[in-house]
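Structure, as structure tokens:
When the chains are written out, they are named A, B, C, D and E in that same order, and each has its own residue count from 1.
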Amino acid sequence: MAIPSTVPFIGLSWDDVLFLLFATTMIGTALLVVSMRDIIRCGLAMMASFGALAGIYVLLGAPLVAAAQVLIYIGAIAVLILFAIMLTQSKAAPARLVFQTQAVPAGIAAVILAVVIALTVTATDWGAVTSRLGTATDELARLLFRDYVLPFEIVSVLLLAAVIGGVFLAKREEGGPQ
Amino acid sequence: MDITGLPILTLITFAPLVGAILIAFIPRSSAGLVRATALGTSLVSWALSLFLLVGFLPSHPNFQFVERADWISAFGIQYKLGVDGLSLVMVVLTTTLTWISILASFGPIKERVKEYMISFLILEVGMLGVFVALDLFLFYIFFEIVLVPMYLIIGIWGGANRIYATIKFVLYTLVGSLLMLVGILATAFAFQAAHGGNWAGAFDYETLRQFSFDSTLQLFAFLAFFLAFAIKIPMFPFHTWLPDAHVEAPTAGSVILAGVLLKLGGYGFIRFAVPLFPEAAHTYAPAIILLSVIAIIYGAIVALVQPDLKKLVAYSSVSHMGFVTLGIFVFQEQGLQGAILQMVNHGLITGALFLLVGVLYERTHDRTIAKMGGLSAQMPVYAVAFGFFMLASAGLPGLSGFIGEFLVFVGSFAYSPAVAAASTIVMVFAAGYLLWMFQRMFFGELSDFFKNAIGHLDDLRPTEVLTLVPLGVLVVVFGLFPGLLLTLVQGTVTEVLHGAAQASAINLAFWQ
Amino acid sequence: MSNSLDAYLVLSGIIFAIGTFGFLARRNAISMLMSIELMLNAVNLAIVAFGSFVEALRTASSVIALIVMAVAAAEATVGLAIVIAIYRNRRTPLVDEYDTLRQ
Amino acid sequence: METLIPLIPALPLAGFVFTGLFGRRLGKRASLVPVLAVVASWMIAMVVVYNALTGSGAFAGGQGVEVHLWNWIPAGAFQVQFGFYADNLTACLLIVVTTIGMLVHVYSLGYMSHDPGYWRFFAYLNLFMFSMLLLVLADNFLLVFAGWELVGLSSYLLIGFWYRRRSAALAAKKAFIVNRVGDVGFALGIMAIFVSLGTLNIREVIERIGTLDHTQITVIALLLFAGAMGKSAQFPLHVWLPDAMEGPTPVSALIHAATMVNAGVYLVARANPIFAHAPEAMVVVAAVGIFTAILAASIAFTQTDIKRVLAYSTLSQLGYMFAALGVGAWTAAIFHLMSHGFFKGLLFLDSGSVIHAVDGEQDMRRMGGLRRRIPITYATMFIGSVAISGIPPLAGFFSKDEILGEAFKNGFLWVWAIGLLVAGMTAFYMFRLMGLTFWGKSRVDPAVEPHIHESPRSMTLPLLVLAVPSVLLGLAIGWPLGSGQLRTWLEPVFHEAVELAARPEAAYAFFGVDGALLITSVAVATLGIIGAWALFGLELPGIRRAGNPDRVRSLAGRMPFLYRASLNKWWFDELYDLLFIRIGGRIAAFLWWFDRAVVDGTVNGVGALTADAGRGLRRFQTGHVQNYALGIAIGLIVMAGGYLVIAGR
Amino acid sequence: MSAADFSTISPVVAAVLVAAAILLVDIVRPGSRTLAIATSLLGLAIVAAVVLWAGQSTADAFDGAYRQDALTTFLDLLFVAIVAFTIVFAPDYLESRDLPFAEFAAVLVFAMTGAMLLAAASDLLVLFLGLELMVIPGYLLAGFAKRDALSTEGAIKYFLLGSFSSAIFLFGLVFTWGLTGSTRIDDVARHLTDMLSGGASMSAGLAMGLAFMTTGVAFKIAAVPFHYWTPDAYQGSPTPITGYLSVGPKVGAFALILRLFIGALDPLKTDWLPVMEILAALTMTMGNLVALTQSNVKRMLAYSSIAHTGYILVGLAAYAAGRIEGLEGVLFYAAAYTFMNLGAFAVVAALQRRPGVTSHLDTFAGLGRREPILGVLMTLFLLSLTGIPPLAGFFGKAYVILAAVQAGGTLTILAVIAVLNAAAAAFYYLRVVVYMYMREPTSEAEPPKHGSLVWAGLWAASALTIAIGVFPGPLLDAVHHAALALP
């Protein structure tokens, strides 16, 4: 059975619907991340947001990026963050104020920022084509190890430095105060 | 002796630096050796400067004993030294006052002698450098170097409120001099731009003097230079750092401050501000003359009501320095000559007055005029010395102060009788505050305050006499034979006025 | 809509702004860290979107996106290490209580 | 002459330097060198005077002699020589200055013999002699000015000689400062001369003065006169002279009667062509002079301090001289200068002798009846009083009469009239002085009374010597009336001025207008004496009449205002105190406040404002990361806005 | 990766190897400070040698992503010097606080690697990565005293705000990249030139990108109003690290500005000129004003470093206004500032050798008497920071002011603001001198002994501070050549 090229009753293309779905999820979960009281739930919401973004990556024809998104963000960073939350969540600390006293100005600033970005983005001619272009994975690999080999190496050094320093800072010392 | 082959100016200027370095290696405990070294090096510098006096040819119009070496060739900045009559006079004044000040510090400075002497010698390097530098950049460097040791001298060995005074002194001076730096750089750049981007000579005084800058640059650059020198000299209304600095400075610091540092301003006007920017100088001259007249009268009137000896002398300096600026900016031969003489004389006379105030302060640790009285009988020699320099300061004919003042009067009379009349009135005020001070200190019965301190009130000691006698002799000699100085500076005066005479004021009618 | 670069960029901007809001408004250090991650994701979205719609950028975009992810990971590592270190000292993850250093 | 003339001032200078340096160690011997120096100076001066007045040697042909020592101020176009110039006018002054100076030195040997500052006194006296001689001999205005200031200095030192006395210290300061006020004018005058003529040499100035326009000359003349007013204590700068009596009496005699105060007269006389070119200035000179004369005389009426009476008398006589100068009676002015120098010097030395006798008492109300106790003093003082009163044939008569006569003949009737009145007043207060001091009953403090004694020989000798010219000077150089020797001597000096005035030179008519004037003035003087006689008594051989204090009191009561005005010196001291000390002090205090609060306040204010700004700005550094982030976000938005604006251009 | 590429990036490789060697030595001989220090210094010497060797030629590597030119060499040497000084000054301080040296040195060298990449980057991505490689170790270093509450507080503030600004910067980079279609700096510049040809103004997206990028770099150089992290991070960090932070990342960020704003965004310079002018004025003024009120020397120096950023920005603005001298001034100032500031912090660190000694002004009371040589050296550094001739700081200031005066117009006003600021700055620098020489010491404690390494470093820093001022010729030549390497 052929799937209709547009969604019945709504008239949008499937891609549009998917886009809207992912976009709405992403925005919704992002808002939850910044507004929920329970920080663990915030973490979970963040994971959901990352997932939605992975969907958009697929939609944009970058499946490898989508895969990396799932692996790195959801698999590594988000888990790391959740661990950190566990480590720093003292039971003695009740759910105090979520927001800083400056939440209102922060909100205003954020809204202005969003509006300005949206306006400038739409006002600019990006030289974009009207259809999405796909990226072949093998091409990507070649690129990564040939044209972008220097950045690739730098990233490895960066991660090395971050790990060395991170380990030093985070490790509990024998004889230390705690 | 052929002194032309030697880099004698460098030797004079940096001999004290050598002394300072030597002192740095002398152990702290042998204060006597430190003192002797300091005095010795300053005397070496002084003796060398006297050689300069011998070898100088007054009839020769250009700079003499010129030494030059490329320093920062990328910007055409040179290490260039040279003297004409004006700088020669100031150099000798500086070397003379320095050894006198060092000698005068032997008694009063007992703490941290080593640091003190090092500071003093570095101070001398800076002062001498200012007077011999013929490169604007080099000049600026020496001009600023002076600040640091003086800052320390006031701040470490000064009176109760010394930190306030010294910081005020440094900050105030810095504001002016940094703006002058902008002026110097702008000037150099204007020259460079006019010479196809070639930096050669852009900081060279002799080259720049030949170049005529466009009027906008002149107006702003002159203002920058003016501010620096007006603060230094100091002119009303930029003078308020001076009383504070004088009151807090140790005796020798006051002597150098009054004797040489204030002259940096006058010297700067004559050497740089006027010759480089003659049109701007003409343009601003009326305003500067007005400020000078105000300074002359105002300083004297305010001096009338000072409760503190040093403050009184400080305000009298404001008044006396007003003559210098007045003499310069009337653009008359006598005015300029008078201004130069006034600088020298004020250095000698006020220097001596500060020495004398220091003598009393060392004995009583007080300078409040109201507590004094009747010293004549107790310290007769001191009274005579004080009276002598007091009268010299009041402009008594026959002593040097009179000549400078009168020449300025004559110059200003030629410029405008009204200006001369307004400033001549100061003769009355000067007599007023000086005689009042003298009467309060020396006449009448011995005051209770002195009675309590009578054990300390011994008359002048030999060292103190030794510091005062050279100054006294010079005051008399220059009073009777001012020609000694006038012939030396004649070349400079002619040169400066010649340049200034060709310029005319800039039309400030911007609205046209 | 899904074929328009602007839509993705606007989405990216909105997420970026939400991240900014979180960063400005949340008190918890880890919340702030999460907000930064949101912002970086927004950037990545923009990168991939550009690659998908601009021919010249097509090949590079995915590589850049991957590298940015790696940087984000490095930042997160360091950040969490610092958070843990300060938590040991202060016993609180609330950043607005870290105000010993001020003025 | 070239060596002699410089020696005249140089010797006292050497004396001063020597005594100043070594005097302290010499004790009583300290006076030796100064006195010898002055005596030597006097002898040399007399040689010079003789040559000058006889027109012999270098002075041949009535020319002055110039001696240039060195180029004092070689400032480009401003060339001033250190040089001397002597002519007949100088000679006249030299006579007065050196003679009286020498006598005062001798007198001081006795008068000051018990003072601990003996050596100092002689050093100062020598300094004064040097300064005064420099003033008189200088060949240019600047050197005159130098001498001018130096005599001021010596005067300051000598008035304040007894510096422990507050009043002496104050008087010295007052003298110097008030003099300085006049000096400002003098200095400005010198500047004006240089700027308009390009020279300061007196002879050259006089030669070229005619080339200037009238206004310039008038200004120059008035400025010079301002200087003269200060030094010669003319109204309104007269206030210092009475106070100057705080100095030792020889000083009062020498400086404040006979020599220094004449400097103003000398200056105007020396610059006579300048004044002659400016008749308006002459009127001012005459008016100031005659006003001072009557003002001072009116004050002298009621003063009780013997020296103060003489001081006001001096003021009055100086006023006379200026009046003479103002009316063009140049010779008469110098004549009066000379005769007044001698008899006023005599009077002062006499008063010193009196004071010496009554142990320092100066108040005439505690004197009286001293005639027999100190006969030499009495006799010489009587001569002086008669001389000053203008009784013929003593010196004062000739000079005063000549002034009045010329004032009348030159058309200055008002000067003449006032002068005549003053002549009477002079006679009156002088004989009041005599009456109170020497005649009648003794009112001396009983404790002092037994010790009253005549002064030592060193003091009486100068009195006797001075009495001679007081008597004879008029006859010697003023006779015959109208064409005396002095007139001949000074003719070359005043020749030009007299010509300029272009007055018809009528022959002296003893049996005409001159005679009438003469008789009038003698009559008025006699009236004055009779008035004094009636009130304060008289004791002459044959006449003996006691004073009448009651009538004095009732007379004073009838004119309370005038009496109080006279007693309080017309309140000038109070007025000046109000103007210059109180109001001036307020202004100075205000300016100092202004300096601290406004000028320095601005400086400190800028500093404080900067620091305040810093303190305000540092509040932004709250320590809260989110605040910082908000700041960054706002900065970002503003910057984005800014760039969009730039892009939209 | 070809052999030529490898030889071109050899300095960076050498730096990474040094870091690795330090870690390796620590693994082999744990806790041996001497060995670690020797390794680090030797390694840095080798890096410097390699930099000089590589600097003999100008070359592009990795298809134009990495550029070796005179500017690279100049900056690389400067970074090596900064790190070397930091390593020299740190051991005393770290040892007395029981902090490990090897990790410190390794992380520091990693940061240096990042900075060196910035100096050579001709690709936006490399630029970003270099920046991250430079700053992420910086966060770690700021919190290096991990048991110290202040150090970690400073670190988390630095980290949070730094990441925030990195995200902003990256967003801006992406916009620029999206519009120009390339990450290569030359291509970007060429595209921008094309886009702006014919007098067209930049598009809204580009303006947005520019705003985000400017904000990002302004944060990294600590320009007002993006400076907030500086005082807190500087004050909290261990003092030798503060010294490093005040120069290393700052000079690195200026390298970024040179490569990005002057390399890539040069066509837009008339657009970013006014922004830089305003930033410069705000930065100088605000930094100095707040520094006036500080009583903690470290914090005071932090604010002063903000002010110095402002002076350097004057040079940048002068460049944007058309004077190459501005660029030279930036480089000269950076070099001059490095040594005097490191020296000043080194004195503070030396005084704080005993744990528990604060950097409050009171610590300096009577220093001139207690430790005369330290007092003299501190005075020297402070005078240089004030701008008293003939010291390095003066010449740096004179240079940027000269450039500003040459540019004329509004830049002249900026020059005047700069000198007025310099005068105000004298107050707080001299106040330290006041404490050192004009106050009595508060404690009579025996002064601590300082290691010979510290002394050597201090003497070297002071010698450089004097030498750059008295004989600026060689450095002038160097900055001249370095500046010519940019378009």
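Definition applied: contacts are C-beta pairs under 8 Å (C-beta built on N, C-alpha and C of every residue); 3 or more make two chains touch, one makes a residue touch a chain.
What you are looking at is a predicted structure, and each value in this text was computed from that prediction instead of being measured.
Novice: State which chains count as neighbours of subunit C and simultaneously of subunit D.
Specialist: The common neighbours are A, E.
Novice: Give the chains in contact with both subunit A and subunit B, ordered by label.
Specialist: D, E
Novice: Between D-E and A-C, flag the pair that has more C-beta pairs in contact.
Specialist: A-C
Novice: Going by CA means, which chain is nearest the middle of everything shown?
Specialist: Checking distances from each chain centre to the full centroid gives B.
Novice: Using mean CA coordinates as chain centres, what's the subunit B-subunit D distance in Å?
Specialist: 38
Novice: For subunit C versus subunit E, what separation do you get between their C-alpha means, in angstrom?
Specialist: 26
Novice: Let me have the rounded angstrom distance from the C-alpha centre of subunit B over to the C-alpha centre of subunit E, please.
Specialist: Subunit B and subunit E have C-alpha centres separated by 42 Å.
Novice: Taking the mean of the CA coordinates per chain, how far is subunit A from subunit E in Å?
Specialist: For subunit A versus subunit E, the centre distance works out to 32 Å.
Novice: Going by the touch rule set out above, which residues of subunit D reach two or more other chains?
Specialist: Counting only residues that touch two or more other chains, subunit D contributes 607, 618, 621, 623-627, 629-630, 633-634, 636, 640, 644.
Novice: Out of subunit E, which residues touch more than one other chain, so two or more?
Specialist: Within subunit E, the residues that touch at least two other chains are 125, 129, 132, 136, 139-140, 143, 146-147, 156-157, 160, 164, 168, 178, 181, 203-204, 206-208, 231-232, 424, 427.
Novice: Scan subunit A for residues touching two or more other chains and write them down.
Specialist: Residues 100, 102, 105-106, 109-110, 113, 116-117, 120-121, 126-127, 147-148, 151, 155, 158, 161-162, 165-166, 168-169, 176-177 of subunit A each touch two or more of the other chains.
Novice: Can you identify all of the chain pairs that touch?
Specialist: Every touching chain pair, ordered by label, is A-C, A-D, A-E, B-D, B-E, C-D, C-E, D-E.
Novice: Give the list of subunit E residues in touch with subunit D in this complex.
Specialist: It is residues 156-157, 160-161, 164-165, 168, 201-204, 206-208, 210-212, 214-215, 218-219, 225-226, 228-229, 231-232, 271, 274-275, 286, 288-294, 424, 427 of subunit E that touch subunit D.
Novice: Enumerate the contact residues on subunit A facing subunit E in the complex.
Specialist: My answer: residues 116-117, 119-121, 123-127, 147-151, 154-155, 157-158, 160-162, 164-166, 168-169, 173, 176-177.
Novice: Which bits of subunit D are touching subunit A when the two form their complex?
Specialist: Subunit D reaches subunit A through residues 624, 626-627, 630, 633-634, 636-637, 640-641, 644.
Novice: For subunit D, which residues count as touching subunit C in their complex?
Specialist: 618-619, 621-626, 629-630, 633
Novice: Quick check: in the complex, which residue numbers of subunit A touch subunit D?
Specialist: The contact residues of subunit A facing subunit D are 100, 102, 105-106, 109-110, 112-113, 116, 120.
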